[in-house]
Amino acid sequence: MNMELSRRQFLGAAGAGVAATALGALGFGDIEAAHAEAIRTFKLVNTTETRNTCPYCSVACGVIMYSKGDRTKGEQAEIIHIEGDTDHPTNRGTLCPKGAALLDFVKSDTRLKYPMIRKPGSDKFERVNWDDALDRIVRLMKDDRDANFVEKNKDGVTVNRWITTGFLAASATTNETAWETYKVVRSAGMLVFDNQARV
Amino acid sequence: MFPPVLNPTTVPQEPKFGERDLMRRSASTVTPPAQRQTEVAKLIDVSKCIGCKACQSACIEWNDTHPQLESNTGIYENPHDLTPDMFTLMRFTEWENPDTNNLEWLIRKDGCMHCEDPGCLKACPAPGAIVQYSNGIVDFVHENCIGCGYCVKGCPFNIPRISEVDHTAYKCTLCSDRIAVGQGPACAKACPTQAIVFGTKEEMKKHAEGRVADLKSRGFDSAGLYDPPGVGGTHVMYVLHHADKPEIYAGLPNNPAISPIVEAWKGVTKYAGLAVMGVAAVTGFLHYMVNGPNRVSEEDEEAAQRLTGDRSS
Amino acid sequence: MSTDSGYDVGKGDSVHPGKPVTVDRYTGGARINHWITATSLVLLALSGLSLFHPRLFFLSALFGGGQWVRTIHPWIGVVLFFSFLGLFLRFWKLNLWKREDGTWLARVRDVLAAHDERLPEVGKYNAGQKLVFWSMSTLIIVLIGSGIVIWNQYFAAYTTIEQQRWALLVHSIAAILAISVWITHVYAAIWVKGTIRAMVRGSVTGGWAWRYHRKWLRELVARPPTKEPTADRKRTAAE
Amino acid sequence: MTNSWTDIKNTDLVIIMGGNAAEAHPCGFKWVTEAKANRGAKLIVVDPRFTRSASVADLYAPIRQGTDIAFLLGVINHCIRNDKVQWDYVKAFTNASYIVKDGFAYKDGLFTGYNEAKRDYDKSTWDYVIGPDGYATVDDTLTNPRCVWNLLKEHVAVYTPEMVERICGTPKDKFLKVAEMIAECSSPTKAMTSMYALGWTQHSKGSQNIRAMAMLQLILGNIGIRGGGMNALRGHSNIQGLTDVGLMSNLLPGYLTLPNEKEIDLETYMSTRGFKPLRPNQMSYWQNYRKFFVSFQKAMWGAAATPENQFAYDWLPKLDVPGYDILRALELMTQGKMTGYLCQGFNPLLAAPNRKKVTDALSKLKYLVTMDPLDTETARFWENHGEFNDVDPSQIQTEVIQLPSTCFAEDEGSLTNSSRWLQWHWPGGTPPGEARTDNWIMAQIHVRLKELYRKEGGAFPDPIINLDWAYADAGEPTAEELAKEINGKALATVYDAADPTKVLAEAGKLLPGFAALRDDGSTSSGCWIYSGCFNENGNNMARRDTSDPDETGAYAKWAFSWPVNRRILYNRASADVNGKAWDPSRKLIEWDGAKWAGYDVPDIAPTAKPTDVGPFIMNPEGVSRLFTRGLMRDGPFPAHYEPFESPLDNLVAPKVRGNPAARVFKGDFEQFAETASKEFPYAATSYRLTEHFHYWTKHCRTNAVLQPEFFVEISEELAAEKGITKGGWVRVWSKRGSIQAKAVVTKRIKPLICDGKPVHVVGIPLHWGFTGAARKGFGPNSLTPFVGDANIETPEYKAFLVNIEPIAGPVA
């Protein structure tokens, strides 16, 4: 990037700062001067920004995720920092102690990476591939549904319900996932269906 | 609402301050810049603070520190103290106001005050390990730090902590890396209730006036701004509901100043000491020049021979 | 002779008649002990001074930088303490104050003017040396004590910051005094010719002993002769 | 929330009761501090503990957990007695003047029609007198002794300040101070906002807690106005959305309800749902029910839902009980009546009450599937973790399949917050390992199940095989495709009902909003209340325009707020009967002589005359209800009931234990401690801490550091009595389980004097388990009773009995 461009962008940013607080009026001297070794290089330089909302509570604060690599370009993207989105009307850039540590959720040591199966009576999880895991799940579901589906109640009324397998929906999935889940669960006739609203 | 700091840009920028803006540099003399930058400050309004620790969380995330997992010891402070990996800490005090009989849960965010007259910098023996920029930020330069811990003794607020890993001193940098690109400190950006705000020192003082007026209207007659003159004022200030009793806020010093012992050590002792040692050396030198060496004479040897001869004969 | 001969004569001191007369003043052990102490003290002074005044920080380069100074200085202090403890145990009796020391000290003008003939006869150590000994002993105790308080890496948790501030002040004042005493000590050794060989070869000439520590020489002479040659003498001779 | 987070800045008084906003919703609480700082608003906190919210309050009043109704009815009583009522509002916008049927009465803690065996009411008398014209009878003078107002006055009379002090342990002077501050907001120019959360819902009478405050807010005229409202803070990020989309046993999306087995066909089903207006000229919005329902069926089964098959009415499962909520599900598992359970990001082992029962229940399943980004305790319920999960894996025959899902950072779509804002988010990170999106996982399950049914046949495959699944990639529908389906499409061209020449939506286009929905099968919409979220204007949920004319806090162009981008519900009530704002400085919408206009989308038809149509169009009366007819299982007025486990008898109805209409399963009653138990003398409550989010953030290093270890909180007095030291170990046990914890001894909890006796409170935060980065610990669900709210089965987590003793600490 040429110096003139970066200088203009800097001044633009400084101008925006004036609008926010008088910070823009800090008496900055020669901006091309060397970086003091005390001051760490700004770590968000040249990262990709993505807007998101905090997945924890229902305030739904706006956050910006900064990543190395850009998913929209098909690159591997590693999120390196998450902070509040000042443009968001509710949180105005602020975050609570959970939101401010969202990066730790994304990168938690206990994030799951592979499907696992625990056989009856076993004391351990074993890795399994997705196909086998999913085939096993639908086999278990279908066997149960075929065995226990109630088409008519004792009065002969069509009830078409399946109450021996239940589904507990999440509380942080998207509305779109919720709708898709609704379709899948209800079309199978499931009635044992709940979410986390109660707790 | 106090205008929030805008979102950072990811485009590279030249830092807005640096070496040229040094006002003080530990164990060195610098020529202060001809024109001082506008002083910045962080204002911590204890009366708006809900003790949520977002500041601690944001501080850990931004500075990539790894505080240790401790245990519960019956208190809300976690970690239990400032550490080399925890630059800021909420300190909780359950205080029963004797005037109202009401319980007040006083929650103060502890951390570096960025003193105008920094005791840490005064005490530091390592050239350039502690610097003060003309905007008021006091920063530690780890490449130059020798880990002696003198800053700990110099600080009137007991803030710096020495890492057992790299043996250098750590404390809040006021997020100098963020401020250098026109941002506010991570804690101030995160603070949900704007109990922490950041701006120029003048702005902060003005904002504090409004807050103090609000507190007085709610019956806190002693509300006030904590900007202790004993250290020349600070670039982290508090709004306190009981400004007449800062010590009830987990021991916030009432009228702090650099300890006279530190002043004596770094002041008169430093010069007097050199003088004493110099005088001793010079005196010796002059004595030698004037008197010459003190030699054993032939007579002395003979006397010795006589003495030993006497005995051996 | 006198019942207090034990106070004025050290272990291993002996006289060897001849031309010139030589007098064994320090055993090999004593000299090694001294030089360890001396080296430690010099290193401590250099490293300590580098942290004492910014103008002297360049001295830290001798130790590989400030971090090394910070690490090494206290450990050298520990070495010095124990090494000096060795010297102390060796010499404390010889440094007990005597009546003639007062007289000697009162005639300090003659001392400085090298009018040794006007001074009273003294034992192995004169009053000046004794003052050096006792002030060093005191200062080293103060230094090690205050030094531990400010040894941040291991002991920071045991004292309050206020105590540490006092310790810093005390440590630096004690160090200044110790360095000044050391300067005096070294200067005296340089000024009084023939002294340094006592700590190098272990012996002095008879004339040196006659001139500066006549009482010591007399007591040595009055003692039964030692076996010849001592191991020290053999080595000294080989040099 | 009836209002929004940003609207709280417009308030004059915030009452936080039944919640702890500063701690659980810090960034939303910001708007409380804004109101305080800029408007001079006051904050009242009523809570058993002096919370972080209390730390910045102007007034804190202690209360014994589970006695909120007594407190609130006490405030209502105070307002009525002191004439602190916004009369114009009450008369015009509530059912105060409606005459109630003669049979209805309340006596000894019970309403008319109680059946003790069924723990249920015959609610036929809980209704208005209907006149010969088919409308409810009213007495605008409020002199008829049977009008709602007079019945209410009589109902609350017992809750005097003295009675409140005896029941709640709130000192009378503190109570009166609170009541006086609240009463000031009966002025048309003063607004109070109520912020509450699980502190009110997690009781056996949770719904009535909320009703009591809602009634108070109506009496003060605070519903529908800026800075007022009933603001449920809500829990998880999309619990509002999950509920809106109807992911509950008895719901269809948009608060439509699933048929029960008595509703044998569509007509029977509809007969109880399309409410006719109860007053002349009223708009009863549920008259459109059929449009919403049919459009939903079309979204489910597309072309297979036809008028001939009653739009596939039979393909919906029919309920035989009010609902299969999680408590009933666990009960059925315990009885061995369930085979499988799929948990999509939920941690019932720690979240459902009576953990021992949960472990037993899950152990009796044949299979359990979990989908989560994190390694939850539920997925490992069979694994031995010493005292923290003391089970024998070899004795547990449940097959467990744990599926790794992506997290928010790797996922796209919308979440609905408690302001009812649907906000879109974008993925920014690459998922770890083989983690896949929930959309992919659910699609895979459906597609594979459908394939099996195609191949093998089996029990009633029609609804599975015919499920509308026209996604570009059947194996992973995109968020955008699903959002469009939720919004709804015109399957045939839709014309304006009033003007048949006007096209509302061309065939195949997205619908502009739910006004375009039709009941003839020409439209589809997954969730009618969300219609408008993604229409031909684009993805409205992704809007990021921060403009806010006159800084009302509405942010009307930010994201999308259901319904129809309305920011404050019942906003018609912000203006008086003639359509003028009660408070000009708080103007929201006003009648300009021809239409309603202002800062928000009007609640009623824009041209509906103010004198005709009431603001509460979801009620067939057009007004709000101080008396709720038969809509609540436990009474048309709230009444004070003690928790099922209580240190005190019910002082207003000594014979009644707990909420008489709450469901209690056989066997669970025996597991309740008796009232005023000597064995379990202390009143416990559970809650969240600000450093953590449920059982989630213990997986995050930083949050684990900020609050590393499980603890309980007790008063200095109880600590002294029991010899418990600060930071020492204690054992806390109830009739259902036992836990070990560190003790935090604090001045913030004080013994309450209830009916002359001290009641000690034991506070139990809920964030620890046996997986993650924090220290291993227990949760309060090891102790809590297995009973829920009478109406919606939210477990009674906030009030139960325990004992406590100091212990040496766990071995090793």
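A, B, C and D label the chains in the order they appear, each numbered from 1.
The criterion applied here is as follows: a contact is a pair of C-beta atoms (placed from the backbone, for glycine too) under 8 Å apart; a residue touches a chain by one contact, two chains touch by 3 or more.
Nothing here was measured: the structure is a model prediction, and the numbers come from that model.
Chain A has the Cα centre that lies closest to the mean of all protein Cα atoms in view.
Counting C-beta pairs in contact across B-D and across B-C gives the higher total for B-C. For the pair chain C and chain D, the distance between C-alpha centroids works out to 85 Å. Centroids of chain B and chain D (each the mean of its C-alpha atoms) stand 49 Å apart. Chain A and chain C, compared by their mean Cα positions, are separated by 73 Å.
Chain B and chain C, compared by their mean Cα positions, are separated by 41 Å.
Across the assembly, chain A contributes residues 48-49, 82, 84, 87, 91-92, 94-101, 104 that each touch 2 or more other chains. Under the contact definition stated at the top, not a single residue of chain C touches 2 or more other chains. Across the assembly, chain D contributes 26-27, 30, 690-691, 701-703, 706, 773 as residues in contact with two or more other chains. All chain pairs in contact, by the document's touch criterion: A-B, A-D, B-C, B-D.
Of all residues in chain A, those touching chain B in their complex are 1, 6-7, 9-10, 13-14, 16-17, 19-49, 64, 66, 81-87, 91-101, 103-104.
Chain B makes touch with chain A in their complex at residues 1-22, 33, 35-38, 40, 52-54, 56-58, 60-62, 131, 135, 139-141, 143, 173, 176-178, 180-182, 184, 186, 189-194, 198-200, 202-203. Looking at the complex, you find that chain A touches chain D at residues 48-62, 65, 67, 69, 71, 76-79, 82, 84, 87, 89-92, 94-102, 104-106, 108-123, 125, 128, 130, 133-142, 144-146, 148-149, 151, 153, 155, 157-199.
Chain B contributes residues 27-28, 125-127, 129, 144-150, 152-153, 158, 162, 164, 167, 259, 261-262, 264-265, 269-270, 272-274, 276-277, 280-281, 284, 287-288, 291, 293-305, 307-312 to its touches with chain C in the complex.
The residues of chain D lying in touch with chain B in their complex are 22-23, 26-27, 29-30, 33-34, 36-38, 40, 50, 52-56, 58, 60, 690-691, 701-711, 725-728, 742-748, 773-775.
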